Amino acid sequence: MTLRVGIVGISGFGGGEALRLVAAHPSFELVYAAGEGSAGSLLMDRFPGVPPRLAGLVIEKWDPATLPQLDLLFASLPTGRSAEALARIPQEVKIVDIGGDHRYAEGWAYGLADVWPDRIAGHTRIANPGCFPAAVLTTLAPLLANRLIDPGNIIIDAKTGISGAGRGGADSRFGYAESNENLVPYGLLQHVHMPEMAKTIERLSGGSAAGLVFTPHLVPMTRGVLVTIYCRGGATTEQCMDAARRFYAGRAFVRVTDKPPQTKWATGSNLSFVSYAADPERNLVIAMGVVDNLGKGAAGQAVQNANLICGLPETAGLEGLPVWP
Amino acid sequence: MTLRVGIVGISGFGGGEALRLVAAHPSFELVYAAGEGSAGSLLMDRFPGVPPRLAGLVIEKWDPATLPQLDLLFASLPTGRSAEALARIPQEVKIVDIGGDHRYAEGWAYGLADVWPDRIAGHTRIANPGCFPAAVLTTLAPLLANRLIDPGNIIIDAKTGISGAGRGGADSRFGYAESNENLVPYGLLQHVHMPEMAKTIERLSGGSAAGLVFTPHLVPMTRGVLVTIYCRGGATTEQCMDAARRFYAGRAFVRVTDKPPQTKWATGSNLSFVSYAADPERNLVIAMGVVDNLGKGAAGQAVQNANLICGLPETAGLEGLPVWP
Amino acid sequence: MTLRVGIVGISGFGGGEALRLVAAHPSFELVYAAGEGSAGSLLMDRFPGVPPRLAGLVIEKWDPATLPQLDLLFASLPTGRSAEALARIPQEVKIVDIGGDHRYAEGWAYGLADVWPDRIAGHTRIANPGCFPAAVLTTLAPLLANRLIDPGNIIIDAKTGISGAGRGGADSRFGYAESNENLVPYGLLQHVHMPEMAKTIERLSGGSAAGLVFTPHLVPMTRGVLVTIYCRGGATTEQCMDAARRFYAGRAFVRVTDKPPQTKWATGSNLSFVSYAADPERNLVIAMGVVDNLGKGAAGQAVQNANLICGLPETAGLEGLPVWP
Amino acid sequence: MTLRVGIVGISGFGGGEALRLVAAHPSFELVYAAGEGSAGSLLMDRFPGVPPRLAGLVIEKWDPATLPQLDLLFASLPTGRSAEALARIPQEVKIVDIGGDHRYAEGWAYGLADVWPDRIAGHTRIANPGCFPAAVLTTLAPLLANRLIDPGNIIIDAKTGISGAGRGGADSRFGYAESNENLVPYGLLQHVHMPEMAKTIERLSGGSAAGLVFTPHLVPMTRGVLVTIYCRGGATTEQCMDAARRFYAGRAFVRVTDKPPQTKWATGSNLSFVSYAADPERNLVIAMGVVDNLGKGAAGQAVQNANLICGLPETAGLEGLPVWP
């Protein structure tokens, strides 16, 4: 079975990674690509490495009213741009929205694929988690589900490579010379990812996430997210590790490791690595997780969700090993 | 058909990239891995992202006398270490040597896969080109074959990411703080890659490469090779571009581009990008080419050569798009 | 007045930075340099940019028994190597130990120069704080001194450029390709810097620091430390900022900023930048600070301490602006 | 003597580096700063590390008609913007133009300070060389002056850190994720720096530079220029090195080294490092040089030129060692 697939927002980093994964997928055929800054170009002019069969695809100007026939659409539009545009897509076209507009919106399933795949299969509208929530929630889910930590007392210190900040356009904050060799905290005490994290923490634990603290930082590298999460609970390291191994037993993309995870372990893949270090005497659990912000943090999880809702093997097109070094 | 494949030198960067490509190959099954510094470890301890089916593979201490049954072996050993070790492998085991010991050695075919695939198929012993030669020879072959440049007057200014220098061990020259934010020329007027480049230039052109100049530089990035080659000849830009398009027509991995190539276009793939800019009035042709030093510059071309000698589709396992950004 | 100055451990990054600062200091004359891996070399062979007057200085093999006449010695030896070696230096030679062996040792003053300069002047033996403590303690001192936070409930999430991990020698963990584009937590739940941080927190607050949590991370850049510190207290942002401005009023090297600090603001200088963001409703204070790990985190603070104990202007030789971009 | 100094173009990288050097200069007092994107801001808001005495300086909107009284002005405006603006500055204000509009213009001396300081002293209008010419001409001058190479057959392969490309504004070509881990040739067969290089080569050699070839490349680092120059001549390595040592004897900022120079040797300083490797049998001389593109390549040489025309010691304010690592 080959599905006719489209990507809108092909000029952004999430759209570009979706292109790479869709092109390699055994059951997907890319038949439509649309983007803002590149409308009218050939796909190969924007992405010189595309195979010949895709080289001549013209990047369209996004117009939901004039879509070709599609089975599946990946949307990676800037915040605020998805809601109106995607509302007009016919129901028979399955949509995975990589952008943030539909997370926890009515009619859309929150696509936390490694944690609740059963809540995803059967839907046609999937809101892909943000890159930080992908890492945070995958890391915390086993502890929350097993009541090993207090959901109301979670401090998340998050770090992301700069592709996680989006393709800035006229934003010299992300210019090379300004960003290189520099580490910057941002979004203190409020960040667009907090609502979906808080809601999910509450759903997984049955408790309140009112005390959630989240501090992201920009790191001078292209890809990678690491979250270092400070939790309260009396569990031991082994109890946490054990809960995670059981929680993710049989799940293809989450690896529980003894050693603290490095972002490079996940780069270029749809993997997450999680680890835990606890000090029961001080009621402290440190939970750590890494993802590739464009992999599990965006396009990788989007393809995984698409596999789930299209009845394909969950790992289809996502089996590539991380790119190392 | 599934071939039983081994990799020796799994701890090095070339061996690690071979692992990534072999694991994704539809016709290869990795059954043997050997390495110096990691003998006795589980593959998953060295490569946390390997799939479950490979996680428990033990990395053996390399001993050509006690190999399991293999169809194909990739060797990525330090310079000087291959010759003696591989001599003892039975002829029925096909070998692709990613290291340099067998280039232009008797009984070994030089595996310049995009240029002379016909000289590779049918062999069982392939000497994979070095990373710089892979880029240089792919870039120059159309000009040499079409007599558009003088083979005796070629100046190559080469740049490589630091994984191209090998995994240094106790070498603080490649320590992060010493290498980061730094550009360094090395190997002036002599470099281990010169003989294979000179021989191949002579073979392709029928002329002498006695005046070959080659200056490599270390660049503060992980992957990527770019060669800027200054040649003499009266051709126009379009004649060079045209010769390259015809030379590589139908070849899956070489892309001829109008714009100067960027190393990132090739990163994570087996692609090469080549371009040319000529000034006939000054008898000057600038030829440029990029590869991923671990892709076309090492493991990617090794897998491509393996496909050729094993009778598999040339692109098997190598169709992944470059990883961008 | 010109002081005769020596540096031991000139081959390490701390020693190299001390060289740069000593060479620029109006009252210091470098007359002695010693190092392990470079003994016997000329200073200019190790540091090609030294001025002619220092170019011919021979790097000695460290032998405390055969020192020339010195007024001041900077020691930057590996952990465990200082204690025995420095014990034999005559009392009339002032010593600033950049390494960790003498922090809070009897007879040595802890050189937290921006916080308690009065406890430093008058001493002859100064233990320079570690890079992380330099950032952490500078950031927390105003909050602790003003009882704005609970000293027993401090979580420090720390990030450092890779020169902060030391010059590794045969340590491929810090090889370029392994470290580049990678973020790694390490030293969880125990780190060599914790005792000096805990002791100082207790000294500044009068309370217990038993609950101190500290998690360092390696960041792919050469220089820079950022600490994001999660504290408990009911203060407002403005109360914290105000306390810091008053605490550091007239102190030359600490800048209190409204915006979250970036490591690059401090690079190449002896500056610290601190900022605070509080949420009184949740009893949360986030305190942030940046230093250059080789500046305020090592050699910069060492020179500042030397100025204090030698009766020189505190800012002598340390007035250089950060290097930007 | 303290000179009243102004900097226009303070928002760019050249202007920012000029600020750092002027602030540290014993005879300069910064009394005026102007910039496009930052007009109206306080200097400390744009440059958090400025000392208190400069913190309150307001960045003016550039208007040559309303300048305060100045002795010296550094101009670092975008190409094309200097000529008209600076024409209106009174003659008693000395000007060093870091931008390119006045190179070899009538009434302006070309400020190649290490090569012909005598042609600079006594002037009041100095056109600072471009970053690539600074490196190229410093490297070639001894060979040209001593007729060791043919000025008509020079091939320059140049590499620059990304701050050398200027502060891009709305230019995503220099966005972090696009530029990081990437190497790109640009400006082939024509580059804005070629005329000044050709003219100077001709002036130094008395011959024609008609065959000049120059290929710049963007390198993923912030600062640093390295030029690898392929020349024709029958000289030996030692003849070239010797010519350079004699040519630069007594010059404070040029270091002739046996080993190939690394960009990091110059970073943060006004130094150049040059080296040569020749193969007389093949009539080949490879000349190499490094500078910091913002140091000798821009603001460093500008301050050096200012010292020369203001009758100050040539090294005033420029004695800082390179920042390493």
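When the chains are written out, they are named A, B, C and D in that same order, and each has its own residue count from 1.
Following the convention adopted for this analysis, a residue touches a chain if its C-beta (ideal position, glycine included) is under 8 Å from a C-beta of that chain, and two chains touch if they have at least 3 such contacts.
All values derive from a computational prediction rather than experimental measurement.
Asks: State the chain with the largest centre-to-centre distance from chain B, centres being mean CA positions.
Replies: Farthest by centroid: C.
Asks: Compute the rotation angle for the C-alpha superposition of chain B onto chain C, expressed as a multiple of 5 degrees.
Replies: 180
Asks: For chain B and chain C, what's the span in angstrom between their mean Cα positions?
Replies: Taking the average C-alpha coordinate of chain B and of chain C, the gap between them is 45 Å.
Asks: Taking the mean of the C-alpha atoms as each chain's centre, how many Å separate chain A from chain B?
Replies: Comparing mean C-alpha positions, chain B is 33 Å from chain A.
Asks: I'd like to verify one number: the distance from the centre of chain A to the centre of chain C, where each centre is the average of its C-alpha atoms, in whole angstrom.
Replies: 38
Asks: Mark out which residues of chain C touch at least two other chains, giving numbers and ranges.
Replies: Each of 13, 161, 163, 177, 180-181, 220-223, 261, 325 in chain C touches at least two other chains.
Asks: For a test of understanding, state which residues of chain A touch chain C in their complex under the given definition.
Replies: So the residues of chain A in touch with chain C come to 155, 157, 159, 161, 177-178, 180-186, 188-189, 210-211, 213, 215, 217, 219-224, 226, 228, 230, 260-264, 267, 277, 279, 282, 284, 286, 288, 290, 325.
Asks: Residues of chain B touching chain C in their complex?
Replies: Against chain C, chain B makes touches at 13, 161-163, 167-170, 172, 174-177, 179-181, 220-222.
Asks: Given the complex with chain A, which residues does chain B contribute to the contact?
Replies: Going through chain B, the ones touching chain A are 13, 16-17, 19-20, 23-24, 47-51, 163, 181, 222-223, 255, 257, 261, 265-266, 268-269, 271, 273, 319-325.
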